[in-house]
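Okay, so chain A shows up in both of these, paired with chain B first and chain C after.
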Partner chain A sequence: MREPAQLINRYRWYEIVGIYCGIAVFLTFVLAPFVEGFLVSLKPLSQLFSSPYRFIPENGSFEAYRTMWESVPGFARYIFNSFFISTIVTTVVLCMVVPAAYAFARFEFKGRGTLLAAFLAVNMFSGAVLLIPLFRLMRTLGVLNTYFAMIVPGVAFLIPSAIWLLRTYMMRIPRELDEAAYVDGASHFYTLRRVILPIAMPGITVVAITTFIGSYAQQFIFALTFNAKSEYMPLPVGLFAYFGRQEVVWNELMAASFVGIAPAMIVIFFLQRYLVSGLTAGAVKQ
Partner chain B sequence: MHAKRSAVLFAWILLAPALLYVCAIVAYPLVDTFILSFTDASLKKTTNWVGWANYDKIFNETFAEVIIRTFVWTFFSVAIKMIIGTFGATMLNAAVPGRALFRVLTMPPWIVPMAIGIFMWGWMYNGQFGMISGLLQRFGIVDGPVAFLAHGSTAFWATVITDVWIGVPMVTLYMLAAMQAIPQDLYEAAWTDGAGRFYRFRRITLPLLVPSMITMSMLSLIATFNSFDIIWILTQGGPNGETTTMIIDTYRTAIGSKKYGEGAARAVLICIFLSIFCLCYFRVTSRLASGEKQ
Partner chain C sequence: MGQLKLDKIQKFYGDFEVLKSIGLEVKNGEFVVFVGPSGCGKSTLLRMIAGLDSTSTGDILIDGVRVNDKPPVQRGIAMVFQSYALYPHMTVFENIAFPLRVERLPEETIREKVEAVAKILQLDKRLHQKPGMLSGGQRQRVAIGRAIVREPKIFLFDEPLSNLDAALRADMRIELSKLHQDLKATMIYVTHDQVEAMTMADRIVVLNAGEIAQVGAPLELYHKPQNLFVAGFIGNPKMNFMPVTCTATDEHGVTVSYAGQSVTLPVAARPDLVGQTLTLGIRPEHLSLGSGDLTVTVTPSVIERLGVNTVAYAALPSGENYCALLPGSAPVRVGAPMQTGIRATDCHLFDGKGQAFERRVDWQTLDRPAVTAA
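So, the complex of A and B:
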């Protein structure tokens, strides 16, 4: 006798065909731009700018992946900037979020619920709404056209979901551990550093990854508005300058895009299990 | 009692860095936006108090159009995201071989730098040589090339579709998580009673998904209302302002024309709308949470 669950999940052949067709349609929509973008990066420019449209490249080559380094002179620098900015942002976010999440997860104090809601409400403002005062603030601080102009606002908008995510994780750590440490005479700070931090490391890693990805994916509006120097531009804004031109060298732009998204793709495949829990946790009410 | 007080103090010390940072970079600019909206701030050295003049100036016919367009744009984007996302989640929830891989394959639009995904769409919408126009011609649906981003009505839908594309993975994975949280014994009980697959979906899955759908729609609404990158990269609000939403309009006024005061007044209106959405969200989710407890 088989388990009911197995019997429920037994599909008839037409159901299976239907499901795979549904998945195919869905994934076509999701992946079409990537497939097309990749094929474009393989096509020589002459074939790209010819009618009628052909999907499969003829004499496709990886030529554009070589020539783009010359056509987009700052390319290596843009990638470095993207990584550099994301790394600093992630570090700063973690330094502030780990203690804050612990406070929300463990301590009873007046206004805790309101404060947490206030943090979450930050998520509803995109940087675009606050751009004018932020611009003035960056000017006053004298950081326009530096890395800080992108790091400082970037951090603020990644703090709320990171707090939410890590708080959820820390609430699952048994309270008895803190209490045992406390009874043994450990100070609050010692408990946090020696008891909680080691146990929360997997959760902190997830938060670090999601913050890094978030920061890597969203480098646009601040970098576009607060920095005009091409040596500090992150990849998306650096490429945008080429996108805006009259004569876009599409195959090189697409090749550059693929090199730029490669890190994100690698992360997806290796860490997708953590990412799913991480990225949806901010949205799920506990 | 003393121990408790020291614990509270410690909690505030832990919170202080994040709290102060967010106050300085989010709360203070928010207040500053309200103050600026009553001034004629610009690149000039002097700034004068102008009262409601900025608000009087923006309430004209074009701005009403921008507001309506923003709501229509947001509505369609959220609705299509929810439909495609729920459809995708339903498909991915089926126990067929390969579903773990399919789930990974839904993620790229969400994870890659947004701007880069938008560049790819920019090429697909290209009229002369782009994929969509090319395929439509090949199948004889249109006669000549269609430059999607050059005409108002097509540019409007093109930006909506791109926004949907970026939002779909989030909706799909969220709805999938919600589906998998439905207790399996409900299905088993229904199956024992002879309920078919479609019947189970309609009578168990869908009703139990409603709270998650509402939550996700609200979150999606807030994110979509704020959408900037997609329209800015694809059309910069054109052609003839037909894809200009409130965010784009604010950006143009404030950063493009350097009219900080007028831009701030526009930003304040966006904040008011967002606050209303946010209040609705908190209301709805707390009601849903209390409903679950009963």
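So, the complex of A and C:
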């Protein structure tokens, strides 16, 4: 049964219509490309350039999902690379950011404010601006054309925002919990592990998801610049393989895109289980 | 053993002196309550005893050992926070077991100890629930359980009951007093609520703006407040103060005049008082209808009838509030003049600086029933 809406949540019919119209407009812009992309992946290539253009495919099939593996044989490898790089990046970022965020949230130390401000400043440069210096650095270190070249810059550029995100979350955990643990003899690491980590789980999950997605997104530019070996290429670069000499195999390209994001979607689906809110209920008086 | 000594403790936050040279000794097994208005530095003092804040100057000694630089566990203290500070993701059992797990005690010992504590606090049926499912009183008991389980020498409580409703607070007061009798441990209890202080303390430490205003047994503070602050802080409704002029002093006391009446108060006199303006203090519950050694007629503006007694609020011509607590349903009306009588032996007298003249009464004889019963 539906609960009667609270007074403050009660709207007039035209307000509700307005709200839904607004939602519809934005959803259209967000979702239409996905729908269109999916429909394209179902069409035979010949139909794509028919005029008048038809959105609904005639005799559509999942054929492209089969042929895509044949026309670009390394595609599975690209998916794996992307997944692998993002997983490593996320793991490394979490390992570094969790203790760092705890320190930034709890301890007073010299240069704390400056460091935090510096992190924000770094975020204002996208990796792209720094590509040339980074390239020279990598070349000097001799790590071009390795996974390492794509992972390390990825980690470096994702850490600042992750620290900010998690620090804000941890500051909402009452300080008395740390103090109580300290009074009971727990060390900082014990407190972090037994008390803060479990409570901060939703925050950590958000950081994990944004880092994973961020890493997926930024691979393209790092891979293009720092990597020339096709066996290390991640998904976004791999998709270029469907851009043939004469024509773009649009239906396979779309199919490949959907298949390519699938692993990331699955990871996020599992992570979001930890996104439960209200974990601190009962910790301190509200 | 749990003996505590504070030696000239000072605390600065920047230039702001929060605590001004606090000196205090607490005996083993004593229940001492720090009471004072909000912001007077009670929590700061308690946190320094706990080892959560450092002192600016001064020493803290527990059982004769200087503990300034020791972490809380090594001081042998346990603390209960105002906000409970329970770990929300752990069950009641794990919350209570936390200090034991830190100590890495064997599982068997942990189970025994936690179950024993849970029994004392009537939490045995709740051990597998999370704090979020408990009521305020139960949460507070879990927090207390976590303190008890370590068997500390000294318990520190920071306003543990202030988040509970009035009825529960009264119950928990009684439980805490019982707990103190059972454990026989030293307890230091911070509150801004004078009822908690009066009912539970062996000794009360009244703090005012970072200084100790007075230390004493609850009834001692009630009968012999050493200054205006303690006189006004202890007792509800608040003590009435009226300006009087000293006319004479002798071995029987100080004679003062108020509105043309003269009365001799049995307090220890000091030289050179004649002509000075002093403050006479009289508790609302010591006023009676009709005339007395000193008679004051006022017109009540508000009357509260509580059944067991009647509270009449009025103002003196000089502007001070004047309140009378009369037994039962008293024959007083708003707007109608009320004549109140004051007995000289009930009066308190304070000098211009707010320091009391010592009353020539033995508070233990004033409250003979309480003392002989004890």
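What we mean here is this: the second predicted complex is superposed on the first by the 233 of 286 C-alpha atoms of A that agree within 3 Å, B and C clash if a C-alpha of one lies under 4 Å from a C-alpha of the other, contacts with A are read in each partner's own complex, and residues count from 1 in each chain.
In this text, a contact is a pair of C-beta atoms (placed from the backbone, for glycine too) under 8 Å apart; a residue touches a chain by one contact, two chains touch by 3 or more.
Predicted model only: the values in this text are computed from it and were never measured.
Student: Applying the document's definition of touch, where does A:D184 land relative to chain B and chain C: first, second, both, or neither?
Tutor: second
Student: Could you let me know whether more residues of chain A are touched by chain B or by chain C?
Tutor: B
Student: Let me test your reading of the model: by the given contact rule, A:W13 touches which partner, first (chain B), second (chain C), both or neither?
Tutor: After superposing on A, A:W13 lies clear of both chain B and chain C.
Student: In the overlay, answer first, second, both or neither for which of chain B and chain C A:I221 touches.
Tutor: First partner only.
Student: Common interface residues of chain A with chain B and chain C?
Tutor: Touching chain B in the first complex and chain C in the second, residues 279-280, 283-285 of chain A appear in both lists.
Student: Looking at the complex, which residues from chain B come into contact with chain A?
Tutor: 6-8, 10-15, 17-19, 21-22, 25-26, 28-30, 32-33, 36, 84, 87-88, 90-92, 94-96, 102-117, 119-124, 128-131, 133-135, 137-138, 145, 165, 168-170, 173-174, 177, 184, 187-188, 191-192, 197, 215-216, 219, 222-223, 226, 228-229, 232-233, 247, 250-251, 254-255, 260, 263-264, 267, 270-271, 274-275, 277-278, 282, 285, 288-289
Student: Using the touch rule from the top, collect the residues of chain C that touch chain A in their complex.
Tutor: The contact residues of chain C facing chain A are 50-52, 71-73, 77-79, 81-89, 98-99, 101-103, 130-134, 136, 139, 146, 150, 163.
Student: If you look only at chain A, which of its residues touch chain B in the complex?
Tutor: Listed in rising order, the residues are 4-5, 7-9, 11, 15-16, 19-20, 22-23, 26-27, 29-34, 36-37, 40, 48-55, 82, 95-97, 99-100, 102-104, 106-110, 115, 117, 119, 121-126, 128-137, 152-153, 155-157, 159-160, 163, 188-189, 192, 213, 216-221, 224-225, 235-237, 239-240, 243, 250, 253-254, 257, 260-261, 264-265, 267-269, 272, 275-276, 279-280, 283-285.
Student: Across the complex, what residues on chain A touch chain C?
Tutor: Counting only chain A, the residues touching chain C are 174, 176-177, 179-186, 190, 194-195, 198-199, 278-285.
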